[in-house]
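Note that chain A is present in both complexes that follow, paired respectively with chain B and with chain C.
On to the complex of A and B.
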């Protein structure tokens, strides 16, 4: 394995907007909101920035393609700006570009920006996929939505582990109840309301077996990270957060084209996690990781991810969920900020939003949500669908 | 002597209870109470004459166990495309050789014209086997009495000289420029005339006169025929014709009006398939097709009559979902359109992509690795088997005839779906290969992991601004 970027890069400042239905704010407004917070946090001036990575996903409802919208919004002079897009993993992808630039020595200070203005489609949920999957797939892809694609994970999971519809729904409900409890403590979260298992079970079905409360919020928002070389980090802040691992894994299509995948796991998570643990030097994730921000676009995704990350045994994540292992006061608190479920999911901002929470937690600045004695945090960001995914796993530490 | 080698039919899954039509329109025309009995078969929103024709032809070719046909004649009064040839799309979907002579035939009773032309081609020796296919999706205007009559269906038959189950004896045509049902390029729906005109001067007199002429010409008696097959817009005329021609009850075939309605071009051929299932060697069958003229074809059943070459019409009739909702019926037929909202907007499609990828899209061709045998859809350059990954070692492989099992699925209320909820899943093909497909002609309650499915050719979308039908394949339950 290559050397990796462990302890070469540190985050010195971050910003994140309130996520939600920000009808009165443009994407530029949201970018500036997060950017200003990040500049203040890092204590740097715009002139200190050497390069920027900009992530935004859906062209038709955002600022448009290329790096120009970010460069013109921030007035970065003629500095290099790169636009990246990798479905829902876009935010982490922007962060990865910035980290690699800094780690290589090409820049001293780089920023990663993720922003998405989802509420300009005219309907609930994400934009239609038929227009974004390419001209050929337009003719042959099924009439797929995100909840539907992830619901198929639940169908296969229930089938494999012999869970009845009711048993499966109840485990998933417990996951959402936990995230809503956490989201209530977070002023920046989109959905702030405590819910019960019964609320989840009685909610309308979006894509069977997933109901309304199994689905994350569809939100507007932006998040920004400022990074520099690890050895210079203390020049800017007392408590920089170090990047311990940053890995991405992309499906080669075998999940939906080859008769092997059993539909109860997201193979790119397994792959990215294995490489991330190796990069960070983690031997036993269940005892070494202190908190996690997972890509809980749907409750079933979170359940399966516990297993894919090696936190729970195959088919037994439900037991850990029921026992409160991932609750705010549990062994590995997860979705401490409410997750995609409650913080909301402005596509390209989400990966950076997860990092924002882990950054704040590891700095001990998470307020009412603060977890105890955590030194290592993990973020997990999926783009695409279980059957064709892009997953990044990042690990952070405060020393 | 040329004759029928195999036949199959496609009867759509949906039926409407005719009472639902009366419930919707009885306030306007209460005289139709007598017509409000039984059911009509009607095409799902993702079906048209072309797709129904393809599905009938696929089943027929499966019975034939061969695709070595050299001609395709498609007869319909309801062509989806007016300009590009419908048979060019059908040929790709059916995976016929590119040198097959394909012909579109239009108008009511062009189905028997196609049969006559096929007989000519085979008799002359120009064709070894001709595939005759016919379908109609005729809609009547809301509240028109014809709304209680019109159903949708398709049939396909292979005409050749070897292995015939019924030989064609005589062909007779009587043209009279009778204007019964009429629909011009300007019209969305057929126009009629006084019912008695169509019934008495049209069906009754034309059929009786032509049948009498035929038996006279053949020098036989009508009682020599074990079946005389004809279709009528109502049962009374059907009986009146039988009475006038002294056709016995045993010689009549179920006209299916209360089961599927009058389905236009394919109708008498579906009755013929039903008759052939019960036929014995040397039985003589007369088929009478009436539209604006009369075609009569007589058959002699051969020693090779074999049910495996014929559809089980009773099973097709029993495979159905009956609805009592007129609005849904009228909408799925395309008579009333719903507001689809922003999520229902159709994305732009590219004609050049459809042409370039025609084997993939229309023919459901994937590829098979010559190194390891792995099958994959859509076609790949690099083998999908992670232990192989050979580059450009592929040969074509067609999945359209392969059956499969549902490996996982969902019922999706968020996706825009013409007939919600949307259903789709990942299919594992029984011969290897996996892909995800929309599921149609299925109720959500039927879905389960492991459900056996087959491929059905469907209209996935209509890109109206660009004038393009997005034909593709969907999974349907094997029942």
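On to the complex of A and C.
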């Protein structure tokens, strides 16, 4: 059994752009904006960086299939730059590459960069997704649209736990209302308006039972993390944030192929969480985790994830949602920055955007959104579809 | 300054398919073939593997942009799988990811997989390459075909060192003759026939001065490496091969943009080699390196690389080539397996195929191709074009 990387590395600086319809900026511009903020935050210069990991899923920047777009954008001068891709978990993969390199001793300071100009792709549904999957691919994804795939989680969940359509919709609505309330406090969020339960219930249906406000949006953005060895972190900052666990779990398709899956969970989340808790030494996540940034691509994803992470008992996440357990002033504030719901989901940027929020919260620098007495935060980043997914669970601490 | 990963990790098993026009196999089949050989070689079972790194540049297998193709092909059961891409250096990037993960303590046993069904892409020149670069990309590569880009190295080299067209062509021909002689001894090579200097000189021109036999071919293949911590390697095998250095250098475009480059070198090779020698503690590569597998996508690339690696003095690699210095029975045998020249270049597989040959040679298991008294081997894997490239230089040792 491996020892893991607990307490071997720390984040000493981060940057994140405003997410949204960034017609004013190229992807290069967004990367430079987030990079500049991260350098200032860490108090280092470009020359101090030893290596970089780059995530960008759509080839909208420069030339795909390589790390050259990042090397040329940041003028990294022959330094090692690696490109990683793992669908919507790409941002966390970039972070993971940088953490392993530092923990291995291969370099002292590494950066992880995630960026996407999703608006430029025209991304929005089936035709574009088909072109991503490619006409030549022999593998057909189950339930080809993202809303369609995740809506089936809701249908199965409602059925299994005896919720009527109206009861289920109301729980999901409460999740989105909470996130919009948080996003309103965040200048970097894309969608900044308070919404009501009624707004959600009356919105057009995208894929039943999910309506417009159950879905995250399409936006542009970039985020950057600077990582160094834990024992050197205080040379750079008074507030390093330490990596306590970093796990990723990838489906091999058997849930889908052999029907071992009842459709109300995301199996890779369960697996990644179990390993992350073991690595961090967390016995009771519901009492030990202080805040969370989850991959709320849809409201139902967030609901199911509360259970998959062991924060709520099976079938009872709805009660926790309605009691305010995950609100900004609740026991485990979740989506404190507004989540994918308010930021949208520029694929490779999202994983690092989540880490940015947990980093700021654990440093006590989250401004109007600051949660109290939180020392341990969790991020959860999914790629793929419920039945065929990549999930990363990371745990961070401020001491 | 970081300590690097010298002697922290070792290869305990490898597998490599026969390369060629593998119409008989899917990419999944090729991966499984190489994986099975690697498992048998290491004497381990699938359950012993903790994590995987996957390289495949063309999305011919399953769904691109993620690690799902490998997870589903090998049925990896929720284990971490990461996809990396760095053009033609992708295979070495997969290896690097696995090495860093093991060296960091994140896992005990990791695999690196590189595979490509290049024949299925119809890859062969400008139209396909343009479709890879994508119509939406804003960046135009210098000299868009690979033969065209590398041919310019030859033109500049001949000019700088006062070689006539005939003199230059003859040196390049000698390089290909040597590789074909080696490839003839290798059952896994694609092209297995001896050629003469005359054959090369009389072959059709592809991009002057490069002719047909100056170019590597298009083929299918897969290779797999199994990596564990150096101190545990002997639990699995009597012949572990240790990683002495693993460096990668990425161009940031300044050579191309600011004309600081005379066109007779590949700057990232010079940079990666300098760092690799420092990491491995090699002072005089010409006397310390025992054998090499270079990225001979074209004969001129191999010539220039001899100089970029410091094996030959500037302008004098041709003399070394003609004296037999790099032949199988020479001082530093190079392309002992036949190189890209005889294997073809299935993008993500090539880097791991090179490591396979050095691994077998250093174990003394290279059969008819076995070189004598070699304890240190080097692999060199380039992605991109001479002016905008990614180069990895790795050094391996058998004690």
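The rule we apply is simple: the second predicted complex is superposed on the first by the 378 of 399 C-alpha atoms of A that agree within 3 Å, B and C clash if a C-alpha of one lies under 4 Å from a C-alpha of the other, contacts with A are read in each partner's own complex, and residues count from 1 in each chain.
Note that contacts are C-beta pairs under 8 Å (C-beta built on N, C-alpha and C of every residue); 3 or more make two chains touch, one makes a residue touch a chain.
Quick caveat: nothing in here was measured; it's all calculated off a predicted structure.
> Look at A:55 in the shared chain and tell me whether it touches chain B only, chain C only, both, or neither; answer first, second, both or neither.
Neither partner.
> Quick one: is A:96 in contact with chain B, with chain C, with both, or with neither? Answer first, second, both or neither.
Only chain C; A:96 stays clear of chain B.
> Given the touch rule stated above, what does A:344 touch, chain B (first), chain C (second), both, or neither?
It touches nothing on chain B or chain C.
> According to the stated criteria, A:155 is in contact with first (chain B), second (chain C), both, or neither; which is it?
After superposition on chain A, A:155 lies in contact with chain B alone.
> Look at the residues of chain A and decide whether chain B or chain C touches more of them.
Partner with more touched residues of chain A: C.
> With both complexes overlaid on chain A, does A:205 touch chain B (first), chain C (second), both or neither?
After superposing on A, A:205 lies in contact with chain B but is clear of chain C.
> A:253 in the overlay: touching chain B, chain C, both, or neither? Say first, second, both or neither.
After superposing on A, A:253 lies in contact with both chain B and chain C.
> After overlaying the two complexes on chain A, where does the chain B footprint on chain A coincide with the chain C footprint?
The answer is residues 136, 138-139, 141, 252-254 of chain A.
> Going by the contact rule at the top, pick out the chain A residues touching chain B in the complex.
So the residues of chain A in touch with chain B come to 121-125, 128, 130-131, 135-136, 138-145, 147-149, 151-153, 155-156, 159, 204-208, 252-254, 256-259, 263, 387.
> Looking at the complex, which residues from chain B come into contact with chain A?
341-343, 345, 347-350, 353-354, 357, 360-361, 374, 376-378, 380, 384-386, 407-417, 421-422, 424-426, 428, 432-438, 444, 449, 460, 470, 472
> Can you check the complex and tell me which residues of chain C touch chain A?
Residues 1-5, 8, 50, 57, 59-69, 71-72, 74-87, 90, 93, 96-97, 99-108, 120, 132-134, 136-139, 141, 246-254, 267-268, 271, 383-384, 388, 390 of chain C touch chain A in their complex.
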